[in-house]
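I've put the structures underneath this note.
Across the two complexes that follow, chain A remains constant while its partner is chain B and subsequently chain C.
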Partner chain A sequence: MNLVVAKTETGRALSDIFDVARDRLPGGGKVADARQQAFEIYERAGLPHRRIEDWKYTDLRVLMREVLPPAPAPDAAAVKRAGSALKPHAIAGARRLVLVDGVFAAQLSDTDDFEQGLSVRTLREVLEAGDAALQAQLLSPDSSDPMVALNSAMMTDGLVIEVADGVVLTKPLHIVHIATAAQPLAMFTRSLLKLGKTAGATLVESYIGADGVKAYQVHDSLLLTVGDGARLDHVRLIEDSREAFNICAAVVTLGAHAHFNTFGMTSGGNVSRYQAVIAVAGEHSRVETSGVNLLNGRQHADTTLFLDHAVPNGTSHEIFRAVVDDRGHSVFQGRIIVRPKAQKTDARMMTRALLLSDDAEADNKPELEIFADDVACGHGATTGALDESLLFYLRARGLSEKEAQALLIQAFVGEAIEQIASDDLRGLAISAAERWLAARS
Partner chain B sequence: MAAVQETVDRVRRIDVDQYRYGFETLIESDKAPKGLSEDTVRFISAKKNEPAWMLEWRLEAYRRWLTMTEPKWARVNYPKIDYQDLYYYSAPKAKKTVSSLDEIDPEILKTYEKLGIPLREVEVLEGVVRPPEGEEGSGQRKIAVDAVFDSVSVATTFQKELKKAGVIFMPISEAIREHPELVKKYLGSVVPTSDNYFATLNSAVFSDGSFVYVPPGVRCPMELSTYFRINERNTGQFERTLIIADKGAYVSYLEGCTAPQRDENQLHAAVVELVTLDDAEIKYSTVQNWYPGNSEGVGGIYNFVTKRGDCRGNNSKISWTQVETGSAITWKYPSCILRGDNSRGEFYSVAISNGHQQVDSGTKMIHLGKNTTSRIISKGIAAGVSQNTYRGLVTAHRKATGARNFTACDSLLIGDKCGAHTVPYVEAKNSSALFEHEATTSKISEDVLFYCVQRGLTQEEAVGLVVNGFVKDVLQQLPMEFAVEAQKLISISLEGSVG
Partner chain C sequence: MSLLEVKDLQVRVDEREILHGLSLTVNAGEVHAIMGPNGSGKSTLSHVIAGKPGYEVTGGEILFKGEDLLEMSPDERAVKGVFLAFQYPVEIPGVTTINFLRTALNAQRKARGEAEFLVPDFLKKMRSVAGSLNIPMDMLKRGVNVGFSGGEKKRNEILQMALFEPSLCILDEMDSGLDIDALRVAADGVNALRSPERAMVVITHYQRLLNYIVPDVVHVMSKGRVVKSGGKELALELEASGYAQFEDAA
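So, the complex of A and B:
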């Protein structure tokens, strides 16, 4: 069936785009071969649709319809516009790394005084002249997912960051994805962060659009490797333009005694999807993942997490909150697999949705797949409206309806935000949530 | 760990191949030729003296089935089924009509006796077969049994008393002839012929099953019960059950089944349709204990069942209770369509898998009406090398304001070779829907076991105690008469693993 569907007008158009773009895409030899293979996989499958279980609630054939051609490299004017768009999202004390229209912009980035043991290169550089092992890793994501395959085929740039063993970065890394093109175009990026043994880092990712940008598409992927005893704090903030599409996939691998704390907040974009595969591959590792969707209008946001416990003594805690207003649609799919050897695993997942309007929709699919007996695994899911009695209580004390709602919403998402380990990052998330609440009232 | 190891060892030793109900009754039977074609469908229809519209209905389903493909999404693995290598109809050559149990083939009665099915037992213990007109039995609870032996109902007791109440309880093949207007109106209205692969197959070749109609305002005077038994070698059994509770009616229906031991897999694809109109209630209870295959995972029943209830009227209620202990493969999702305002759906399930069994079971609660409520309690117990999956959907549509659901699905793992999985779908499309879902997976706590053992219980008894406590919520929902048998079945199927 897929074969037939892939031969739509859009499918053909995209293969032309790929043919034209191929020569400009970085990397030859094996990289080019891998691109070709990945593109063939995508072409066979086409855009994922609701009959594919993992995409059941996010039918890109309906929501996105087509993949746009890649944006051209930004000119000086674009970089300037990106620069002004950046300002409100700047994080004091962070090392900023900026991708404008899918291309690394050195002018806007902090590329000097690298700490000892920190290496930052662009994806283009590594694909063209990097060592084979690193290239292989960059090409490793599972192409059975059509959107990952598309990303593998089309990726133009991104950041390849390596932190040496024992190095703990003092400055957070802040990767900013900015779209500036006035026409609807797409960006294809892939980044990698590799933490050596007992290394430590903080990574913040922001997705924003410059003023006046329209329905652009972000196709991003992220590879994270957390070495033995290493620790990574990670925050993603999706504040794209309200017409944008953001399709993102992450692959995270944890060594032994590693600690990964990740948080994602989606308040922007028209349609967004974040799928993360987190593999606990070393014993005694800990994962805390939390997320918040703040949606209104006709926004659609999908968070799909796959936690893979392959070894004993792993711990993972997932907390997810969705606040959905107007005709918004929030999707959470969480899957925890505890493989036969992963005894003494402690895996928990809690997802809650708050529906503020009668046309809002929240779909939750928290899955457990347990093959080991000595484990403590559980999940919970709730869906409901704001508690009338709480609203009444606050109204009785003089708050306006909106204020009362805002307070309760803040408390509701607070639980997910609180799981962020670092104070600074928590402040960042809180202010992003406040921006959404302020825009609402 | 000791208790678990002991459990695992004992399961291995005892295991399911010593299936207590593995015997076969030798009765001549009347078979359709092997394989499936339009002729088979015509043969079955002719055998049943069906009217033309019924044959047409079947043929339409058959043609539809040819265009469909077998579903693959469930977490079960089995060798490809050769649908042309099965018999689709077999009827025991019983006497033409039976007015009392005494006229039934004694072989068949003996079978039931071995199963401990209370045809006779009930007569004595519950006063069931005492003359229904007599006052002596009136104060006691009663059960009417429509026994399905292979594919044909061979005995229907209590027809008289049911008739007095106006309740129609008969094999569906008879109902097609005697109450065509009711059958035409409701058959396929809950599970359409094109619903899914196995339901469509059933629509084409179903041989028999039960038909129940409870007229308005009638509370069915007794529990209705059908015992299914797959007896003929290589015979798929395709029952079709249709239960209608008219306005303000109530009926409780019990279904239980066992099958003899054999090597080749047997296909079983039943369809059950329930309809409740305004203020009506149906309580449907199942105890399923078919042959689960031997210790190597060879043989056993494939149980692909479509069960669905439609709360068509306001304030109606459908309650499913199931105790699933048998079958090599179970693929079963008793569901409720909550169409009427203020209607209620319930699902209580115990699914036990041992040996090489694979269970993929759960429910669907589809909230369409206003102020509809549903409750799901699912207890999965996996032992041996089995796989036990709960798969459920709770959904509230845009207009289903005030929908409420509570779901709790707990899994218990016994041994480290089995798997327990939970795949819930929770979809809310309006803000007044209030859904709660919780699931846990764990093994029996060592502390609890230690506590029990310290007080003089053996490890096995202690495990048994804990498991009984674990499933108590569900067993409580079974009708009294059934609860005893269900407990028996649970202890048999977990024999060795829970004492």
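So, the complex of A and C:
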């Protein structure tokens, strides 16, 4: 029986786009086949909507409506504009790797003096000429999620970074995603960071828009592999333009005795969604994941975490904070699964939301599925307003209403920022929060 | 001109009138004590002067240095020199005391058009003030009032008073929850801030505090009015005879 798939107007448009783009997308053979399959999966499902449980609070059919055509490779003018947009986000001492409109821009990146044991290539290079194992890993994300499938079909560029066994990078890696297009266009990127045994690295990701960009779409995915005894510190800062869409999925796999400390903050963008699947696949591994949404206007930000404890003796701590003003909408979905073998798991999750206006909305959905009997698991969720007695105390000491609110908001999100391991990285998060607070008053 | 003039003040909370035409004049350099039983409206008066939301002023006025205080937001009052030492100072987790003090001091200075303190200058000033109040540095690194004892919280209020240098200090039940040693330390801190330019209004139930902070004028409040004013000997008289005699007078 032939199944006739009804397409919306936008679905048809995208299928035309894929037909045109496929020949220019990197990778032939298996890669091209995988793209085709992934696109078919996406086409059947379409944009996720509220009747799909994982996307219940973030209905992309309503919020995003359509997937835009891919942006062209940046020209010299675009790279120049990206260069000036970068400046306020530069991190001293970091190795900067820049994607402009979804394409690696060597001119803006630090590609000299690679440390021994560090390999950095572009996604394009690896898909065109990489080894089969690496290609297979890049194609591994589960395409049952339509947005992951779309990303697999359309991925254009990104970074493939490998850190050899025993190598601890002293310079943080800073991947910057910059949109420059003056028309509403989309970027499709995928990056991979692979840490060998006992390796160590710091990865910072920034998402920004150059001045004057339109309602662009970021479609990104990130694969992280943390080897046995390795340690990864990860910070992602979403400071996209206020009209932008940012849809990102991360897949993280931890070996034994590994340590993964991750923090994400969304203060920019119009609609954003970050979903991370973190698999604790080796014993005695530790995950600290924390996040902050700072939203106002009509911003919508969704953080969906899935922590999968598959083996014994794992530890995971999740702390999430949302501050929502005006008609903003924050979503936190935190799912923890402790599989039958994962005895002695210690998994905790705490999410709190602060609503600054009557129209602000925060949805917190913690889910614990525990199949082992000797574990310590807990979760909590609260939603509330700023404490009037604290505000009055601060105002009686000379702080204006905005200043008093700012101090209490900083304290509130500070509990999540505190979980970042290093002072320098904490400083980045604090600066991003300060930029949001300053723009507010 | 008087520093503070409260004229025929009428205040309601949730439809219930708490102050029924209260008048009070405080001049620079003076220390006034306001005594009275529970529910006489002492704390309401201090809250209305500081600008706490939730009180409806239905009549009368409050002038501070000749300006209409009731027209000002709580922060504008603080900037002009009004300071309320809270009966129950709030705890603010996540905001270190040092950060709070510096933010508040600089917010006031900025609003007055004065230069903000840079970190080293601020720390120097704070260390010297904290030292005179026996406040250790590690206490200042903790969240504002978080885990502080009753005495520590009150000392933290006095520390702020010393740093901000207000011209009017209202001390709301400063003695509540303090043992005699803590009370003495707090009172010494307050006495050190007495000056010809500054006035203080000390609100208390008990005469005991006034042994340490000796007032120039004592007012007795009952049922939302000042029913008697006199010198410091009035406090001793009250201690002997109690408030009952004024319940009828009001």
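Definition applied: the second predicted complex is superposed on the first by the 435 of 441 C-alpha atoms of A that agree within 3 Å, B and C clash if a C-alpha of one lies under 4 Å from a C-alpha of the other, contacts with A are read in each partner's own complex, and residues count from 1 in each chain.
Basically, a contact is a pair of C-beta atoms (placed from the backbone, for glycine too) under 8 Å apart; a residue touches a chain by one contact, two chains touch by 3 or more.
As the structure is a computational prediction, the values presented were derived from the model and not from experiment.
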Joint occupancy of chain A by chain B and chain C, clash or fit: fit
Contacts of A:P340 with chain B and chain C, given as first, second, both or neither: first
First (chain B), second (chain C), both or neither touched by A:Y393: second
Partner chain in contact with A:A385 - chain B first, chain C second, else both or neither: first
First, second, both or neither for A:A362, with chain B first and chain C second: first
More chain A residues in contact [chain B versus chain C]: B
Which superposed partner A:S241 touches (first chain B, second chain C, both, neither): neither
Touched partner set for A:D373, first chain B, second chain C, both or neither: first
Touched partner set for A:Q135, first chain B, second chain C, both or neither: neither
C-alpha centroid angle, chain C to chain B via chain A, nearest 10°: 80
Contacts of A:F412 with chain B and chain C, given as first, second, both or neither: second
Closest Cα approach, chain C to chain B, once both complexes are overlaid on chain A (Å): 16
Residues on chain A lying within both footprints (that of chain B and that of chain C): none
Residue ranges of chain B touching chain A (in the complex, touch as defined): 4, 73, 398, 401, 411, 413-443
Touching residues on chain C, where the partner in the complex is chain A: 50-53, 73-75, 77-79, 83-84, 86, 89-90, 92-95, 100, 103-105, 107-108, 111, 143, 160, 164
Residue numbers on chain A that touch chain C, as the complex places them: 387-390, 392-401, 403-404, 407-408, 410-412, 414-415
Interfacial residue positions of chain A with respect to chain B in the complex: 53, 340, 343, 353, 355-385
